[in-house]
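Next, two complexes with chain A in common: one pairs it with chain B, the other with chain C.
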Partner chain A sequence: MLAKLIKGAAASATLALASALPAQAVDLQFYFPVAVGGGAAETIEALTNEYTADHPGVNIDAVYAGSYQDTITKVITAARGGNAPQLSVALAVDMFTLIDEDLILPFDDFIKTDEDRAWLNSFYPAFMENSQTGGKTYGIPFQRSTPVLYWNKAAFAEAGLDPETPPATWEEMVEMGKKLTKKDANGNVTQWGVRIPSSGFPYWLFQGLTTENDVILANADGNKTNFDDPKVVEALEYMVSLSKDHGVMEPGIVEWGATPKAFFEGQAAMMWTTTGNLTNVRKNAPFDFGVGMLPANKRRGAPTGGGNFYLFKGTSDEQLSQAVDFIKWITAPEQSAKWTMATGYVAPRPATWETETMKQYAKDFPPALIARDQLEFAVAELSTYQNQRITQIFNDALAAAITGQKDAATALAEAQAKADAILADYR
Partner chain B sequence: MTRFDRWLANSGAILLGLLWILPLLYAIWTAVHPAEYEARFVLDAPLTLDNFAKAWAAAPFARYFLNTFTLVTAILIGQFVLCTLAAYAFARYRFAGRDVLFALVLLQLLVMPDILIVENYKMIRTLGLVDTITAIALPYIASGFGVFLLRQTFMTVPQELDDAARIEGAGTLAILWRVYVPLAKPTYLAYGLVSVSHHWNNFLWPLIVTNSVETRPVTVGLSVFSTTDSGIEWSVINAATLMTSGPLLIAFLLFQRQFVQSFMRAGIK
Partner chain C sequence: MQKRQWIHGWLLVLPAMVFLLLFTHVPALTTIWNSFFSTPRGRRPSRFVGLDNYDRLFDDPVFWKVLGNNLWFALGTIPVSIALAIVMALFVNRAFTGRSLVRMAYFTPTVLPLIAVANIWLFFYTPGFGLIDQLLGAMGFGQTNLLGSPDTALAAIMAVTIWKEAGFFMIFYLAALQSIPPQLTEAARIEGADGWTIFRRVTFPLLMPTTLFVSINAVINSFRLVDHIFILTNGGPDNASSLLLFYIYETSFRYWDTAYGATLTVVMLALLCLLAIGQFFFFDRKVHYK
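Take a look at the complex of A and B:
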């Protein structure tokens, strides 16, 4: 009798254990970069904890990996050292580099049901341009951004302009810029009309101009650039003319990092910068400001930017399926809304904007919608094989033209020749 | 030296000193004032410690400081032991292949450590040490620079002192400990300073080989402020910079005289 009782108790205990613990625990490692202030790392950790709490048997080790540059170095080193994480967020433009290094897997291998396919098709097409190549999807948009125009309404009113209307075209930006540029008694400029930063990665904002001039900088296969296209030359000439001919922008290389500060202090009445700055500007601008789409020329246009999820080779299918499940969860509308509101990144799926939380957020702060609406006109950020080298060549050409060392056409023709020499191997 | 020469040398020194200290002064200015005064230098700007509080809260700095402290101490002890023994052998013993081996040690000075990151990572992983403080320290313990520096110092020790100690009956290690090490004290101090400040500031390798708060040094904590996508908050980043470099700055000011003298004697400039 006693033996039977013990047996029974043991059996029920085993049963209870078995139902509490799934067959075996799945461990995932997840690297993420941080490029915005305001506790982005805490938000990621809170979201991961929420997921693991809902999914017993899954452990996610979320590892902060520095800036985007640091993250790509860390992930490539770990992967070559045979210790790749299952998933990582890295720049969308690093896709070709990661394919070239043979480190990542397409998501298509894990897309099985119709529901999965619907999920893959539920992102804004502008964001998917940097995430797909050769008919496969290698990146899932997560922390994505796009540049917009911020303007100082007080300065507009003071210059006799309508404070509610930003420039809609290139010509208008120059005209308004002229009215907004103020000089003191000695002829020194105290307030510039517009500020398009050109330090560090000038190609990104410049890509706003080329897109508006209806030209694409690189093909979708990432092996051919169009740097010497006459429309690119024209866009660069326009950018140079802003300071050289029209005197509405500070001459020389304009610092990216100091741009929001210059805007707050009234040194520039309009600035071009990422939507990632929205929360910063909202918190710190001492005047009423507006957010608008970049002005158009032949068409409207802007590049996209920011980071995607990637899946890394080298671990079991079970882990990778679990990683895909996690990515599906974190890009779902509710989670995505939390992330967007915490950071200012553009929610990458239309469904997120339909949630109650996001509707409320957009109602309180309508400028948040501008970036989303601009996505319709947005194109892929410049991304090619050997991406670091190619963008460096292009950046150098832009810097040479901006500082007046070379004219736009020469600088761009040289850049195209150098890029061709590198990319010929990939055609 | 004529009076004019002296005047020229002094004003040159003052100018260089000013240039050196300006960024530090700017960092202090922005760190103790609210963000609005980053580029406005008025005397009545309100003072605040909020930036430090914000910076301290942005990452688990207390733990990071402990890690950095453990790390630089472990590296320093390891380097002293290993480099002393190696330098003694190279300076005072004749053995087959000595010159070739020494040339190999010198070769290490020419190789940028960053090139070896992938190889080092593979090795650390084979040893099962990823995400430990040992992993951060290990590649730096056998320092070619330290071996070279100590060997040169040991070679200047008169052979007579060595012989005298031997006649007194001291063994090999006792001679090293009683004769060579005390005479090389300035070199140890100078090398120690270079090593500590280098590893205090090292960033890339620790970031790559560690994953958790329990092992990461302060520099990794500092990097959360490089928020290029959303504009940089100079006041907070400068407060954090002062905070993380503070212990080193204070230590240097305290031991300044000894350091300067050691550098003169050890011949590092």
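Take a look at the complex of A and C:
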């Protein structure tokens, strides 16, 4: 009886609401991570508010979900509990994990017009490599990055090097590194030549080296890795030799988080880190600095990185099409330009770089263009099924070689065997 | 009358019991249950696998590595932090100017959240321009990389833990010291005992109940305190500073291998039970309750 009463009341309330509003309100929930400093969260909020102001009847609940790691944990937990958000930004490399958990939908289901198809084809191909598999698109590039080389022009001048020319090859990086490494009277190093951080997720910057050595770490289906390829071994030997043989890099695991600070303090004359740090370095470096592409070996190269938009299962088609509409809007050139300038992330569509605001920004601050130009040489970030576990196995192998516990070939062969054991299920 | 008392008793126990059942016993039992199944993935439901997960555990080098690390971690942190706690408690149990200030200083690490504190320690340990390296540099030593080297990473984590724990244990010892009747030490002094003998024969034995309590807590903490690892090393390099609980977190919430996570948790629960029971038996003969 009571249940009936409540049902009746609910039904009439819905009717009343439906007649009061022009169209039924669409509620969307949107999780986003923040991985860099600055006004990333505020910019997302501002953009979301702008969209809802233009689209009455749409409510977007933008939820700041912590780091990338926290966000994926929260999204998976919420989805398992039946409360999946409609859309979320998460690491591009978690695509296979989300497919494996059966939580996301391909965007192809919502692409109907030619205009939609043109939109899907308007992103840099380097970014789409981590967003498509099996002929379907599961991710839309949003906060994407790539590693670049930052160098201290003052230190270059002091060492008698041309302050405007960064190293172009691996050999040059070692030679310049030797000139840039300074020691005090006791023989202790006060300034290292180069700093390639290796804590937390060493695989990412290391992938810069493997790509330059012309080898891909995992296939596009995400079920086979090439960790024991001789070219990967060679890249790791080069990385180890920087501190072991050439003495141009700090030995042991080099902390990722302290890297910009070490650069500002003059502890390292060159550093490899994400373009996401561009605004940070611009604000805090007490000297003139340059930004360049990573040095080449067999070819130029770098991985891409960062987060994509994903669409989650479990809600109505109406909500999902609205979510796709929102994603189209926020990746449009004007909005995307605002986002890039606020954070330093690489705008994922060539069209964004054609806007007046971006042209002006690039004119004032030419280093912003380096990352874009490097995209031509960039490849997909290492991504497989059971991605977190596979990358951790790879990270452990890199750490073992960097700290001298194992030689590069042994460490990588072991990692490949472990990865094979896990990925065999997915072939 | 008798019956009403019985109901009354149950009602009093009920709130605590409900929460214990809901948040401790039921999850513990489901964990054991889950450890016999495979991990459900979206496209593959979980199925009964018997002891497969335990087989995998015995062959998992990372498991043995983190278990060994945990053993060293416990051996390194528990005796040192308890000894430090006793020394600090004895020190601040005397009358001197600024006593409250010193007591507060010793207790501060306990009040601060471990995550925040770990960020400060991260700066101490930073190679090149961190506090430790600046001090060493002033003395003419070269750069260290305590967190980035497999030989020192675990020790660096242990130092933070000892610093965090000793002050907390000191409070218990301080309370215990103040409850020891002063006549006992006075009597011992009249008998001609020196300070060390008084401590060894009178004070320390009377502190045994506290030592039992503190050491059980310390053992539990040595399996429980992993917050700072997330900040300082993330278990690296190559699992050199990873502990059992940290590995459980990684397995369950990073790799989403919940079944294997459950298996690891069962091992940890069993270990903790054994240790707690062992401690009660081991200390039983040495603890003098009043």
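Here is the rule we use: the second predicted complex is superposed on the first by the 405 of 427 C-alpha atoms of A that agree within 3 Å, B and C clash if a C-alpha of one lies under 4 Å from a C-alpha of the other, contacts with A are read in each partner's own complex, and residues count from 1 in each chain.
In this section, contacts are C-beta pairs under 8 Å (C-beta built on N, C-alpha and C of every residue); 3 or more make two chains touch, one makes a residue touch a chain.
Not measured: the values here are computed from a predicted model.
In the three-chain model built by superposing on chain A, chain B clashes with chain C.
Contact with chain B, but none with chain C, is seen for A:G306 once the two complexes are overlaid on the shared chain. When both complexes are overlaid on chain A, the residue A:G66 reaches chain B alone and has no touch with chain C.
In the superposed pair of complexes, A:S199 makes contact with chain C only, with no contact to chain B.
Residue contacts after overlaying the shared chain place A:V34 against chain B, while chain C stays out of touching range.
Contact with chain B, but none with chain C, is seen for A:N280 once the two complexes are overlaid on the shared chain. Shared-chain residue A:P260: touches chain B; no touch with chain C.
In the superposition on chain A, contact of A:A400 is made with chain C only, not with chain B. In the superposition on chain A, contact is made by A:A78 with chain B only, not with chain C. Within the three-chain overlay, chain B meets chain C in a clash at only one of the listed stretches 60-68, 78-86 or 114-122, and that stretch is 78-86.
When both complexes are aligned on chain A by C-alpha atoms, chain A residues 73, 200, 257, 261, 265 touch chain B in the first and chain C in the second.
Considering their complex, residues 69, 73, 76, 97, 99-103, 186-189, 198-200, 250-255, 257-258, 261-262, 265, 267, 386, 388-389, 392, 395-397, 399-400, 402-403, 405 of chain A touch chain C. Residues of chain C that touch chain A in their complex: 41-43, 122, 126-129, 137, 140-143, 145, 147-150, 233-234, 236-239, 250, 253-257. For chain B in complex with chain A, the residues that touch the partner chain are 35, 38-39, 58, 117-118, 121-122, 124-125, 130, 204, 207-208, 211-212, 220, 223-234.
Within the complex, the chain A residues that touch chain B are 29, 34-39, 41, 61, 63-67, 70, 73-74, 77-78, 80-83, 145, 200, 256-257, 259-261, 265, 273-274, 276-277, 279-281, 284, 306, 343-344.
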